[in-house]
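One structure, as structure tokens, below. Some questions next.
Labels for the chains are A, B, C and D, by order of writing; each one numbers its residues from 1.
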Amino acid sequence: MNTAVKIGSLEFKNPVMTASGTFGYGPEFEDFIDINRLGGIVVKGTTLHHREGNAYPRMAETSSGMLNAVGLQNKGVDVFCNEIYHKIKHYDTNIFVNVSGSTVEEYVETAERINELEYISGIELNISCPNVKEGGMAFGTSCPSAIAVTHAVREVYKKTMVVKLSPNVTNIVDIAKAVQDVGADGVSLINTLLAMAINAETRKSVLSTITGGLSGPAIKPIALRMVWQVAQAVDIPIMGIGGIMNATDAIEFMLAGATTIQVGTANFIDPTVSMKIVDGIEDYMIRHKIGDINDLIGGMLV
Amino acid sequence: MNTAVKIGSLEFKNPVMTASGTFGYGPEFEDFIDINRLGGIVVKGTTLHHREGNAYPRMAETSSGMLNAVGLQNKGVDVFCNEIYHKIKHYDTNIFVNVSGSTVEEYVETAERINELEYISGIELNISCPNVKEGGMAFGTSCPSAIAVTHAVREVYKKTMVVKLSPNVTNIVDIAKAVQDVGADGVSLINTLLAMAINAETRKSVLSTITGGLSGPAIKPIALRMVWQVAQAVDIPIMGIGGIMNATDAIEFMLAGATTIQVGTANFIDPTVSMKIVDGIEDYMIRHKIGDINDLIGGMLV
Amino acid sequence: MEPVYPKKNVKLLKVIKNRTINDNYYVLEIQADHNVNDILPGQFVSLLVEDTRNVFLRRPISIYDVHPERNSIDLLIQIVGEGTRLLSYLKPDDTVDVLYPLGKSYSILESEKKALLIGGGVGVAPLLYLAKKLKANNVDVHILLGGRGAKNIIETENFKQYGKLYISTEDASVGEKGFVTQHPVLQYADFDRIYTCGPDAMMRAVASIAAKNNIDCEVSLENMMACGIGACLCCVTPTESGHQCVCTDGPVFNTKVLQWN
Amino acid sequence: MEPVYPKKNVKLLKVIKNRTINDNYYVLEIQADHNVNDILPGQFVSLLVEDTRNVFLRRPISIYDVHPERNSIDLLIQIVGEGTRLLSYLKPDDTVDVLYPLGKSYSILESEKKALLIGGGVGVAPLLYLAKKLKANNVDVHILLGGRGAKNIIETENFKQYGKLYISTEDASVGEKGFVTQHPVLQYADFDRIYTCGPDAMMRAVASIAAKNNIDCEVSLENMMACGIGACLCCVTPTESGHQCVCTDGPVFNTKVLQWN
């Protein structure tokens, strides 16, 4: 049974990854799982400079989902390279750094620093964070700006580069094609949907930022649709993300066209869920007599 | 206690309406509720010609939501005017006809026919149906086409005209402003989000049309965000729609800026839910010592 | 002539009994809140499974039997997924939110006529109350139950009260071996009407035999339903007059109106 | 010196007992799956409420007591919403999915020192196990419990085992009238440390009295948590070194590091 998949020349032992911002840097999960059994991890969104993120409250629960407005809290790329990297570089899995910035220059500088790190397999260019005032999603909601930042980072970043797309757009296919054309090795989708919660009793917005990003099973049908649409239109591989809670969900994303999948919010509900998904995909392959997992990719019957 | 609200010069005895496609024409609910207690109803999407809609299966369940791909099945505007209208015109509530078409001309002709009906309070221009091959959402996802159809219908339709917006856009505020500028008396939002479901066991798409529209509590946080964004930007009233299951949800939409609210998918789960929402809003007003419901509109504290 | 259907209602009703048939099937008896005598065979209820993440919509379930003496209804349910599993945990005195009675009924043959009822799997559900009503109308009732194996053939004692019982299983573990359509009783095609409910493929096969022999045939269709009351137009089936709703124009259809080819 | 925290785990654990205190409070006793002796006071668990539509995330609950003799832990829970209500239905032998033990603990004073523990409402929860540990370390323990009225003053017999108990209620229905901060015991400000847990406003008021009197003060913060293990960065509180996570850098903080003004 082959469970390995590839993005460009990079091999993943299986398609199961963890999504940026939902898995810390990895060590947070070491008590629960063997990280080396994952296909890959994407670490927390990293920016050139240290960021404190948004004020509390940053989280709200919604029907089958949650809102977050963390706002890319992180210690900046230098602390990542000098400290955090050394705690995780031994993982026997693909480590992706999720890179964000307020300007194209910030993206580029951050990517340059990451480019020096031997044991980082690639970057995930986050042009879709809905929770920052500058940059973030603004880059991911128009083709020219998506092209500008992807092109600039491609110039300096030599390893695998996937671009993480925003679902808050009229036509995600156009953006996917645009970043493919300027050299993305893959696209990951979706980031969170811009959303909001109000407390009727206090009449206040629940989040300090009023709006935040919606994740969890609530958004799965939207994510699945976008993965399918993009898979019809681009030639580069897709990392499918959005509300994946179990192996069945993961397989649905692969059938829709995803090469790898990323588990996000589900990690909060069950920190061992990614292992269950690795195992569950194997069970499915046995049950359905599938020898090579690549046969599942885009395998939806119409 | 005043629960009456206005859209233009049209008065609603309370803000609770039922959403198009989820309430039939009204008679379907007569066994369960007193329709005259509602602020208004929006009947099923109506087109110039009879439509059979999409093939079965048209429905899928998702986490805290559902997909539909009905595709505007209806008997056409003539049957509506000659038969259905006479069964519902006696309702002592505002009746809106949801109007859709494949071309601007079809919208216009349909609206002209509805314009002749004395007991219809207004039309809801549906430029956001995700389940038809031609027209529908295509009109609602770009400003020029939204303007074209709204402008053309405004020329022939004299009573209250609200335009129903699609959430499948990068910037719903732009579309709302555009239709305001060409004479919409209000906007209603949101229609369903384009989404998809796959059955991992059969590997088939669950819907005959592959994609369908997502509704229910899953989408409420997105709808609330859009209502709030649009309320900041336009001067015309908003009908808030999306995942409203109870009075608390309804009040959240009003606090975000909605003047009326429409109950959709919740009608399927509890056909009496609209009455509970009417009562629940009054209870809330008593509990919070609110004499005039208009004080709730846009009353979120920031 | 259209029969008179009772008013629909949605109510929290009390569970009187939950009888386990086997690992897969159970019968819920529910205390009705209005006269059950006016419920017609083939009608169904729609049950709410409250506050779960993945069971969002109601679950349609046929009315298996009605008990006028205690004004209750029986539902025969097969566990196939989350919703039917959660409902199987209901205990006496629990309440369940019931939308009912829904849909159009089977039509009752005149007395002295001969009827064949064919049920496959949990498709037997609407046939018991039908058999009871037919027998009460002095119809000569024959009942054929089919399934994969013995454990899918359930409630035979209950059916025997109302007519002559035939059984077929694919694995021959009980009754004749094969599909219901291969059962000898179907060779003597002297029935005035065949009533059937079960898997789609079975109903189509039965319908085509009935058509070949010029026998009137009524089927009860299953379908994905969102509302159950004709409001959402999700549950359509193609008929000679276009898409019709299974929940309000059906679930019982005369096969001659269905576009089944 | 950082204490040694046990490894975290996520497990389906058995409920041993569910003791109702009154309409609002109950104590769940749960069979742990690893040595409870290494759990430290102030640590918490996070409980999964399975398969409900609106309770999506886990619910953080302090460890109220540990019983090494039967290797179990007690949780004192107040019903405030859907999640805590659903958990209140748990019965002995039911299982519950527990993520534990989480968070940093209160630090234990050296022996012979004098401690004041101030709990408001369900904020008493982490203080019982703390009192037990302090007493075991020969600390002179004083405990002040406050609440709106008598029915919010709970578990007093339990607390009395470990120290001298004071009570205050806003409506004077039991103990001194007023807020905990008005209680006379706080006038004799000769404590080496004040430990507190309760509503935010109460903890801030206590912290400011402690600061004024130069008394060391540790608080246990509440916060909206998504993961409980430092992965999501949702549960931050502003400190002298920036945003810190209440779930992993806390919930217990020394007030001198908090930016509370």
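In this section, a residue touches a chain if its C-beta (ideal position, glycine included) is under 8 Å from a C-beta of that chain, and two chains touch if they have at least 3 such contacts.
Everything numeric here is computed off the predicted structure, so don't read it as measured data.
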Inquiry  = If each step moves to a chain the current one touches, what is the fewest number of steps from subunit B to subunit C?
reply    = 1
Task = Among all other chains, pick the one whose mean CA position is farthest from the mean CA position of subunit B.
result = D
Query = Taking each chain's centre as the mean position of its Cα atoms, how many Å separate subunit A from subunit C?
reply = 48
Message = So the centre of each chain is just the mean of its C-alpha atoms; given that, what is the distance between subunit A and subunit D in Å?
response = 36
Remark   = Here the gap between subunit A and subunit B, centre to centre from mean Cα coordinates and rounded to Å, is 34
Note = Shared-interface residues of subunit A (touching two or more other chains) are 60, 62-65, 216-217
Request  = At least two other chains touched by the same residue of subunit C: list those residues.
outcome  = 53-54, 56
Key: Parts of subunit D lying in touch with subunit A, wherever the complex brings them together   = 7-10, 48, 53-58, 97, 99, 223-238, 242-243, 248
Task = Give every residue of subunit B touching subunit A within the complex, in rising order.
result = 60, 62-65, 67, 141-142, 168-170, 193-198, 200, 202-205, 210-211, 214, 216-222, 224-225, 228, 243, 248, 251-252, 255-256, 284, 299-302
Ask   = Considering the complex alone, what residue numbers of subunit A touch subunit D?
value = 21-24, 28-29, 31-32, 44, 52-53, 56-66, 68, 70, 73, 216, 265, 267-272
Ask   = Which positions of subunit C touch subunit D when the two form their complex?
value = 51-54, 56
